[in-house]
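Shared chain: chain A. Partners: chain B in the first complex, chain C in the second.
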Partner chain A sequence: MTVLLYAVERIKNCINELEAISKSEFPYADSREALNQLKRLFEDQLTELQQFDEKSNPAVVRQSCTISLDLIVKYLPLLGFILRSTNVRNGFEVCRPLLRLSKTLLEANATTSISTHLILSSEWDFSPFTYAKVPALPGFVLIGFPATESANPLILPLSGHEIGHSLWIVSNKTQKYQSILHDNIVNLLTQQIDRYNELFRATATPATITTDMFELESWAPAQFWVKKQVEETFCDFIGIRLFGTAYLYSFAYLIAPTWGSARPYRYPGQLTRVANMKAAATTYGVQIPENYDSYFEDLIPPRGTQTDLFLLEIADKALSAVVQEIVTDANADIEKANIPLPSSPNQQQILDRFHKVVPPENAESLADILNAAWLAAEDSTLWKGIPMKGTNRITILRDLVLKTIEILDINQTLKGDT
Partner chain B sequence: MPAIMALDLNLSLLACRAAIELDNLLLDRIMDFKAMPLLAETLKRIESSTSFSLDPGEALVLNRAIASSSIIAKPSETTDQLLKSASDIRGLLEKVMANPQDYKSNTEVLINLRAFCVELSKSAASYNRTMDEMEPKHPFRR
Partner chain C sequence: MILRAERIAQLLKQGAAPDTSDPLVITPTPNIDELSKSGSASVDLRLGTWFVSLRPARIASLNIDEVTSEPKLTKCSYVPFGSSYYLHPGNFILGITLEWIRLPKTLAGYVVGKSSWGRRGLIIATATGVHPGFAGCLTLELSNVGEIPIELRPGIQVCQICLHSVEGKTTDDIDRSSYFGRRRPILGNILLDDFAKKLSTS
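For the complex of A and B:
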């Protein structure tokens, strides 16, 4: 029973930590709600562990202890994430406008009734792509920007990608794409059956590739990776459709030209990803920054065995066959929520005020503000004639954008959109 | 019921809780079944695939659990056999849930189902972990 006692102690310590964190001052209720839900999760786990006694089956007890440890491993970083949502480095002005946007999109497309929550926090990893699927927090959009960028509103369009992950879950997209991806993978394997047999030292035929358990085990990773790649691609398209050109700029700001890591299997290659985003932008009528390709380089080729790389190649091809369908799908979801594309005339009005270093009082959407912000950021002549002694122009622009978003929030609140 | 149980994202947790319910039944402590119906539902969803369209990840997780627990005489070599096994196991789960008292004297079925659920829990956890471990980590992290 020693292992069980250790497991009980570990879970109790998590609950104690959750209670301590709950005493923090949270700017918005959603962080506290997340803590409450996680506390219930750990309390359920504690109850489960405490019901065991010497008569309980040892294999069941040990597996429950393993599960409880797994929960801690998975959820402890999330507690840190929630705690950091209290930090004043975060741009609290954007929380409610982002929540409203998420709510509109998710609740229009959810297959079951959900209540949308949003937590904006910071990460000590230079990637905003974290906590996409948290089973214990359904309906939560978790957006964590790198700590060094968390006060930079210019990267806010990347939150569109994170909202996309939540949309993927609530609208049950995995199920939607399951069959077509399976068929694509099988067709591609069938076309390359000789190469498959050579690499895996197999004797598969087009008939047995889907029915022989041994063969299924060999090519299962291709199916796993393409599902992830389709999800990431969908999320990029949601970001583009929600935030237009601003998404493309913020994506480039964060990861161009490349970083010194091998390509993750769950993402398309970087240049493919950019090409797919351009295709989506063209379909949506979103302007692509000039020479956008030239911002990027491909990542280091992925590590892996010959068979891994063969299966990745199959996954990549299976993705390319559905890109256009994903473009259409992302657009349909956003249209269902009646969210318009960012509007050029509105952006121009906002930009005109930015030129005067004055926040506009009637901006209509977060997307318009962020597109105007990027136009201003990219304009090397901005405020040329205005003396700004000792102050960085980009710092002033960020403050101006945050103030504009704050006014948007006030206007939305006054209209009764809480 | 905790929120996490409402989703089938975490098969590992669900299977473990089903194992606990079966263990409680064997110990004559069962109150009601919460995880077992969800597990039966998950198996039913897998069964709804054809032998040509079975998700390979789900198939592997299930077949490894069957092989490790010996609930079925031998592990499946084809997807047809696997779908039949999934149907048999679901049938057993449903019979136990419908008439738990009938199995007080026939504990072998419960013991086998419990072993299957433990192995399914392990198999589901290890499959996702294996796939995740292929991703590059931060260069300073080990």
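For the complex of A and C:
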């Protein structure tokens, strides 16, 4: 077999697998639509490979084989993700209400016209995850919850963070923040030019730090890390603004107090992240759970060379300088979509019904349901007077919350909101 | 005494009020006006989105001496609104009501089929009692005893619940089954009591 035949065979196998997966029982059409779009992508690639013959330029053939392999490497994990969206461990009831929310937010803020789709799936990774920037699937929001938590509606507010990543892309935030972050980094480096020169064994000046290509390359990681940190911070704020206190609880549920790894450079330090979230919550008028700081410990300090740590310090400071702007920015995007803050009176009405083991019919939003759910989960007296056997209270609460979300979906559908 | 639909509608109205401490609730709530005027003695219930079927190839038989885990014995399916589940002749599955029911301590219920479905071969439930104080969706034991496949669609009215008042002193110590507070059908366990165990080992 030649390299070309290998490539053809690999692509055919992918198409066969796509066809097999598309026969699965998908809860909603978006997963199947994603598979159709991916299948077209692979079929186009196959057509291109099959047009080569003995007379074709070997370099062009090899290039096409490389592209085809790159496609497989990129998209194979996504096929697994889409397949897992059929798993009945998922709380399918949340799909349509979450799609409506995503659609409202993203389509109000997109710089170009988009049609929003949502795939909710599970990941064998204990961190909610989104596949952002999938060129073959424009308009798709792809959210994966940890497999062990994917039926737990109490962590659903974290989807706000993942929708934030999609919002970041469709509203072209990277471009918005690019120059301000660049300027912040340059200012910070200029202020510490001696330390920079010492660590990098350089002879930079405030003038050459932005003109000399070697200097630019030296501090480029700081700009990359702060961009990532700003994006993560923006996504946290979107989660808080969409889901209020419930976001803060679900964040703590998932990662408090800390985990055993060193701090990744692309995230702010854990305590900084919590402080920033509290600042955003205060601005938005979102109630912060009592003693919220005490839930968390900082991560193990980041590992790296002295120069890396110096640049991370610069990135951290550059983030800190724009936090308030991000708070305002996240709020503006959500206001543009006319999404209200969670409503305390509605949460209380929902909670009152939960106390009677009844899913309320008057829930106004997903956010209100999830906030009431967290109030119920945190209430140690919930259903104390009700003898229950064979199951525990939190399991019943999860089912009750998911049923409430299903009723919200039914009400929205009956009102004509498809 | 069995409750007339008009009385059920009255109780549902009362149950919707936030200050009712032990309400009768059926959610999504049926149309109260239509129910009041129906002249019947039951409330129609709809089919929910979750189904459980047995996996006959996985076990030799249902052994009552050991607890068989649900995943080994059953396959769970979700059928969204607008899609269908086809129940073929001779097949048996568990479904669930779309409605979440909450009975006060003073009421019990019985789930029965609807004649229009029964005449087409669909049997809805065989273990039909709903105890006072129950809350949750009701598991339906669906079987097609007819000769043609039946298309089931979430949201359709498939059964009805008759409600009865309960006599005797009401207490908080109500027997809550392991099916309490569920939104999906589950198989549950068959547990032998001491009486049956002693007879089995004699």
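Definition applied: the second predicted complex is superposed on the first by the 390 of 418 C-alpha atoms of A that agree within 3 Å, B and C clash if a C-alpha of one lies under 4 Å from a C-alpha of the other, contacts with A are read in each partner's own complex, and residues count from 1 in each chain.
Everything below uses one rule, namely that contacts are C-beta pairs under 8 Å (C-beta built on N, C-alpha and C of every residue); 3 or more make two chains touch, one makes a residue touch a chain.
Because the structure is a prediction, the values reported are computed rather than measured.
By the touch criterion stated above, A:E48 is placed in contact with chain B alone, chain C being left untouched. By the document's definition of touching, of the two partners only chain C reaches A:D352; chain B does not. In the superposed pair of complexes, A:P221 makes contact with chain B only, with no contact to chain C. Contacts of A:L5 after superposition on the shared chain: neither chain B nor chain C is touched.
Legend: residue contacts after superposition of the two complexes on their common chain; A:P27 is shown touching chain C, with no touch to chain B. In the superposed model, A:E406 lies in contact with chain C only, and not with chain B. When the two complexes are overlaid on their common chain A, residue A:I386 makes contact with chain C while staying clear of chain B. Of the two partners chain B and chain C, more residues of chain A are touched by B. Residue overlap on chain A between its contacts with chain B in one complex and with chain C in the other: absent. Across the interface of their complex, chain B is touched by residues 37, 40-41, 44, 48, 51, 55-57, 59-60, 63-64, 66-67, 70, 125, 133, 135-138, 178-179, 182-183, 186, 210-214, 216-217, 219-221, 223-224, 261-262, 264-266, 303-304, 308 of chain A. Chain B contributes residues 2-4, 6-7, 9-10, 12-13, 16-17, 19-20, 23-24, 26-27, 51-57, 59-60, 63, 75-82, 114-115, 118, 121-122, 125, 131, 134-136, 138-139 to its touches with chain A in the complex. Within the complex, the chain C residues that touch chain A are 18, 23, 25, 27-29, 49, 76-78, 80-81, 100, 102, 133, 135-137, 172-174, 176-178, 180-184, 188.
Looking at the complex, you find that chain A touches chain C at residues 25, 27-28, 88, 92-93, 349, 352, 356-361, 385-391, 395-396, 399-400, 402-403, 406-407, 410, 413.
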